[in-house]
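A, B, C, D, E and F are the chain letters, set down in written order, and residue numbers restart from 1 in every chain.
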């Protein structure tokens, strides 16, 4: 169990499939929570915003990163924040920001600004993935 | 002008924003066509499938890769083929393949199999981007 | 200070490492293990157990393997944490 | 045979290059120019004019610059074309 | 001259070279190279498949992909001959590795110069 | 011991180190590092910004981004001080480069050992 009250904020900068960073971050989150550490938020930046796409179609016998993020949120309340600017450029768009009816980001993924991430860092320890 | 009847088939394997490969491929296509060479098709594989997303939102003063692909097709009839398997995993989904109403691939981008690409290579010269 | 190395290129750590640095090898970082041990014999070097075994590397090597929980605990104790990727 | 190098790491071409290889430097490949000229002084080495100037590199160097059309023409004449990326 | 070169190439069998250069799991490249080989072979294109650089780690016999929720890459690769991809090579490097069982995978170790010839004589080379 | 370390750190100003390591245009990383610096500074976080590796090419004065339909990276970077990012460093390497005008950009050349200290004493380090 955690001997101090460290909280972590994770930033994920790579897309699933083109890296294993999301998976490493998920292992980190689970092990942290199991030991009583808090995960302040997971922030998706650069190509990491692809994690938020609800359109990812994974074979039933393959690990489903999107589903794993949803479960982390549902079971542990971890906030999943997506950098709006980085996301829009890469075609990662919530219903609110949709231009033509189509979108690919649903809650619990939330679109926020970079400032939200840096504000979290003032009270937690950052780990980059 | 082209002194032979070489046709090219391009394969694009990187996403826009996380590389400039799409842009290099577009310059190649334009210069080839200007000299009378044919572009048999552009095939999008690996992270290159992200090129096909209609949800990409680019600032008005930035180069719009998606729009440039559309123009290449409209003006020159170049076929834009997306590897279905690589695309689905990465959340690049046409209306036909949509599971929940949302999609992000429209014509002229077409979802095809890898065999389509290799068939094209038997009668054209491959260039990887 | 902790360096998390995600790349097989050992030289990526050269700009950052000092005598007190702890190195944690993650993903392709595990392939850099031999080179880092040779070049920085005095540094504290760990690899993620999970990634090490996934890669199928030998276990008789002077690099300590970390469970996910040990990894997190290590991260809770040292600062800052620098991640080096390709 | 043509090698299209998209990476700044000159060593990426070592496994592929032979005496008749033509090297075309694209994107970050332009930064590998000096190293490749040093290591392979006898090879035919080009860089894309566009990428070279975008990078702001010196023009007084023994590497010929190619317009887009010259690049395509070169590709039409040689085979195969191998692209090396990061 | 051009005709002569073309006809001298005809003595070689026409083939595509697929060069896998990345480790088994950190990106999708190893898998993408494998699937490309199947896709080409599927329509009757002759494929030669070469592992180089970090791709040698795809061949490590002790890999435990289940630790990271993946399918064993070596097992997938061992199906290549079933799909008529039979010319499989590993670019030999200075460090010979006991962790690779080239024999059971029917992989040919290839010297640097021979690899360069294999590239030069391919109709297409794809690097993943 | 722990308390002592914490209090000895208090003599340093708390800062985030953003380390830009890629070339200006081939990926979005140069831009992402820049925008991260603005985002942090925007909420009053002290930022130190260090160019290393290929990122030195972001500082080349002769770059012509218009050739590839981009905005000049050096011009964007030169706005950092306007956003109160004023501690800007270039990790000095063996090859000193005449193509960089460190003076007009008010960039401090930093030696390898000093860079390591800068990392060690940062509250957070982000590498792009």
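Side notes on the structure shown:
Here is the rule we go by: contacts are C-beta pairs under 8 Å (C-beta built on N, C-alpha and C of every residue); 3 or more make two chains touch, one makes a residue touch a chain.
Small disclaimer: the values here were computed from a predicted structure and weren't measured.
Note on connectivity: the fewest chain-to-chain touch steps from chain C to chain D number 2.
The set of chains touching chain D and also touching chain E is given as B.
Comparing the CA-atom centres of all chains against that of chain E, the greatest distance is found for F. Seen from the C-alpha centroid of chain C, the farthest chain centroid is that of B.
Of the two chain pairs examined here, B-E and B-F, it is B-E that is joined by more C-beta pairs in contact. Work out the mean CA point of chain E and of chain F, and you get 41 Å between them.
Chain centres here are Cα means. That of chain B falls 24 Å from that of chain D.
The multi-chain contact residues of chain C, meaning those touching 2 or more other chains, are 6, 27, 50-51, 79-83, 85. Annotation for chain F: residues 25-26, 28, 68, 70, 123-124, 127 touch two or more other chains. Residue positions 13, 17-20, 46, 89, 125-126, 128 of chain B are each in touch with at least two other chains. Pairwise, the chains that make contact are A-B, A-C, A-E, A-F, B-D, B-E, B-F, C-E, C-F, D-E, D-F.
Across the complex, chain D is touched by residues 17, 52-53, 91, 112, 115-116, 119-120, 122-125, 127 of chain E. On the side of chain F, the complex with chain A involves touching residues 16, 28-29, 32, 35-36, 38-40, 42-43, 45, 123-124, 126-128. Residue ranges on chain B touching chain A, taken from their complex, read 15-18, 46-47, 50, 53-58, 88-93, 97-100, 102-104. Only residues 11, 13, 45-46, 85-86, 89, 113-115, 117-119, 121-122, 125-126, 128 of chain B touch chain E when the two sit together in their complex.
Against chain A, in their complex, chain C makes its touches with residues 4, 6, 26-27, 48, 50-51, 67-69, 71-73, 75-76, 79-83, 85.
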